[in-house]
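Next come two complexes, and both contain chain A; in the first it sits with chain B, in the second with chain C.
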Partner chain A sequence: MNYFQLFQVPAQFDLDLTELGTRYLELQRNFHPDNFAAASERDRLLAVQQAANINDAYHSLKQPLLRAEHLLALRGVKISHEQRSFTDTAFLMQQMELRELLADILHSTDPYALIDEAEQQIQQQKKLLLKQLASALDANQPEQDLLAADIIRKLKFFFKLQHELELIEQQLQD
Partner chain B sequence: MAYSEKVIDHYENPRNVGAFAKDDPTVATGMVGAPACGDVMKLQIKVNEQGIIEDAKFKTYGCGSAIASSSLVTEWVKGKSLDEAAQIKNTDIAQELALPPVKIHCSILAEDAIKAAIADYKTRHGS
Partner chain C sequence: MALLQIAEPGQSAAPHQHKLAAGIDLGTTNSLVATVRSGEAKTLKNSAGDDMVPSVVRYTADAVQVGKVAQQAAVSDPYNTISSVKRLMGRGFAEIMAQDHKLPYQLVDQQGLVAIETAQGIKNPVEVSAEILATLADTASQTLGGELTGVVITVPAYFDDAQRQATKDAAKLAGLTVLRLLNEPTAAALAYGLDSGQEGVIAVYDLGGGTFDISILRLKRGVFEVLATGGDSALGGDDFDHVIVDWLQQQSGETELSHQSLRQYLQLARQIKEQLSSLDSFHFVLPTAKGELSLSLNREELDSLILPLVRRTIRACKQTLRDAGVDTDEVAQVVMVGGSTRVPLVRSLVAEFFQAEPLTSIDPDKVVAIGAAIQANVLVGNKSDADTLLLDVIPLSLGLETMGGLVEKIIPRNTIIPVARAQEFTTFKDGQTAMSLHVLQGERELVADCRSLAKFNLTNIPPMAAGGAHIRVTFQVDADGLLSVTAQEKSSGVSASIQVKPSYGLTDDQVATMIQSSMQYAKHDMQLRLLREQQVEASRVWEAVSAALAADAHLLGAAELLEIEQALSELKQLSQSDDTAAIKAAIDKTNHITDDFAARRMDNSIRLALQGHKVDEV
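For the complex of A and B:
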């Protein structure tokens, strides 16, 4: 299913999230079960199914990584369930160093300074990769799509780091 | 999800955690990662003149199954030749640790890590 078509928004990475939210509410209203109270059994079931599609689509379109994955899947590049290992050594070394930095936080005499440092690095890299992702997807060419897939893989590592960092901050506060 | 006893054992007492000196010419490194869960695995081997893996070390940031898989592989490769070590299959790792289907990718990661380390050694030594 093409989520962009369902929401009648352009099939591109850069989306107006306010417009997306408005469209979501409209669609939800149109397919609300109350509107189908007097409809046939078949139409009622279709409306329930469509409401579920709308929820799935909104969930995917509002998150940059899921939106990018969906856009690539529509172009024939499917990466959402892949089990292939990622082997960019330089990138993974950097991930290892960031993980080590995170591991040091709880034993540090000044944990908040380390948190700031990690947060800054993660945000900076994420911003850079999201920018690269946007331009690779905008090109809409097979080679650039493969590059985009690789950028998504890298971003997943950074989203994981971000999550780990949040867990550490919670641990510190407890 | 319940971990098997073997996974818990490797997780609580990981074998061969650490790193060798980077500039040691007999050392080779394999780095792999799994984007879906953000796991990062580093596996190093120390190879003697006869081409036998004398020692191995690992460092893994990931779930218990990923740590156990890499810990097990460092035990298995010691004393093996590079070609023998390259024969290790993820299915053997998964079976030994009784990994559930959703954790099979952790054993794939460990297989890819030892393969990457062997490839790194061969690149460095031009064979």
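For the complex of A and C:
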């Protein structure tokens, strides 16, 4: 299913999220199962499936990584999650350093300073990669698409690091 | 089919016929029923003049009592008088026994599920709840002067799949049509939101007798979007009572309480808690084996007894705000729900945490039932201009057991429902034709720490070489928060069949047997009820397809149209007969013939919905 088509928005990485949200609510107002409480059993089932599709589509377009993956899938490029190994040693070094930084936080005398430092580094890299991703996807050319797929893979590491950082912060607060 | 017409209830065949619908708050301590009359949602009083019915059921040798009468017998007849049955819904015998709660009746193990030994034999929580539901529905149909078309029943947002399913089973057993299971905080938000036209982020803090829920919602132009929900499905005002009982027991010096004195202590504890909601200190007499003791408790002492419990709720609020991605200062208002929010310590800690004065203008005991009544009125089709949209979430993650006793999450908590997520599996042996899936609910990594929902056995997988079969398993959660699982082998398109073994619930067959054996339905009644159900479904299908033809016959070829029209007239003719099986066959046939048409209309309508056309202009 083409999620961009479903919401009648342009199939591009740079999306107006407010407009997407408005379209989403417009569709749910029509297809939410609550509209079909008095319908026949088959129709109720169809409505649940339809509303689930709409929710799934919204979920996928709302988040930049999933949106990029969907865009690539529509262009016939599949992100092979684990199979490809990274050859970019600079990236791998950077990941290792960040991991070490995260591991140190809980034993540090000033954990919040380390959290700020990690946060800053992660955000900076994410921003840079998202920018690269946007221009690679905008090019809409096969080799740029492959590059985009690589960037997505890298971004996933940063999103994961960010999530772990949040968990560490929660652990500290509790 | 007829998706568009039914989306606009004003266009149904009998547009001005007012249908009877009710909202039911099936609470741990008290239950209420409410309905919308002359545009206003109100709770209904029973023949004794009460709208709050104690959720207590008493089984005597020859009768079943529900409510106040039953409650009054709690001390004299503890074994046969069941209260707080909601805490037992969808629960296993072992997990209830492992709790450190003292329940004053005899629990038995009913194939892993918890049940209660009574004067009328073994009763499970679904049967007990069905008695309460039937009593409330009776009040509603007597007050309204007719049979109810359907009901909305509220459940704690934090109820898991087994607890929701048990609630739905109870309604089925009580002979009720459930329009929707609605989360209690969402119902409360609906009651408040529509009342005040409030916009922005609100928190609903719902502390009932046995459950605690916290939900964060965003309200915007009729849309009630739940951002996150959290809580504890085994924490409530009952627990306050239990810590007071423990304190009473310390004072009395008694090491063990009989069932009867436990009941007595519980009632006294409740009284102390209620009195200290308005008084600073309370004097009372405690009966003990050595005679009566004159004692007193002040509010400060009570606060220190219950503080750990209230703190637990605040911790949950913190986590839920985090999940919602909302800061405390963004929360415009806190809606208080549930009788236990009358406890002053609860109010002050909640106000302190959210830095907002809690909202209590609608009676916290009634607000949930009122919200449920509003939604029931919309769902049954009485309000054609309904512009509310409730977007709720799944409270706990759903996952599958993987190698090594680990859980892999398929649908994370706080995902908007309905939701469907598919996962692919393959066979690991040559010619393998079956596999088993274990579905769990919860946030922890280990199977042992999550709640087992069900085991699904897939069979009839076409035999292939190992790794050759690709089985796509789809997990679907509907708007009630209930899970269903389907499976298909991708290369052959064969649907694998699924046998569900609920871990803490009844199978469909068990529910059917319970309905059949229930005293309320003699065999004849049962058959009549099945017939009625099919007749209603037949008329729904007929109306839907007729409306669809009126709107979109141009999507059909001449031959298709003829075939559908024939099926329709056959269906109409049969729907008045008393042949249940023939009606069902005619429904199935009509559905089958119109499947393709329904799909085409669905695609068409999605296109139209976003072309700037309103659906009713189509």
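Following the convention adopted for this analysis, the second predicted complex is superposed on the first by the 151 of 174 C-alpha atoms of A that agree within 3 Å, B and C clash if a C-alpha of one lies under 4 Å from a C-alpha of the other, contacts with A are read in each partner's own complex, and residues count from 1 in each chain.
By our rule, a contact is a pair of C-beta atoms (placed from the backbone, for glycine too) under 8 Å apart; a residue touches a chain by one contact, two chains touch by 3 or more.
Everything numeric in this text was worked out from a predicted model, so none of it was measured.
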| item | value |
| --- | --- |
| Which of chain B and chain C A:Gln170 touches, first, second, both or neither | second |
| Touched partner set for A:Asn30, first chain B, second chain C, both or neither | second |
| Between chain B and chain C, more extensive residue contact with chain A | C |
| Partner chain(s) touched by A:Leu6 [first = chain B, second = chain C, both, neither] | second |
| First, second, both or neither for A:Ala51, with chain B first and chain C second | second |
| First (chain B), second (chain C), both or neither touched by A:Glu41 | second |
| In the complex, chain C residues that touch chain A | 1-3, 6-7, 9, 12, 150, 179-180, 223, 322, 375, 378-381, 387, 389-391, 415-421, 476, 478-479, 537, 540-541, 544, 587, 591, 595, 598-599, 602, 605-606, 609-611, 615 |
| Chain C partner contacts - residues on chain A that touch it in the complex | 6-8, 23, 25-43, 46-53, 55-56, 58-59, 170 |
| Chain B residues within the chain A interface of the complex | 31-38, 40, 42, 59, 61, 104-105, 108-109, 112-113, 116 |
| Contacting residues of chain A [partner chain B, same complex] | 82-83, 85-87, 89, 91-93, 95-96, 99, 152-154, 156-157, 159-161, 163-164 |
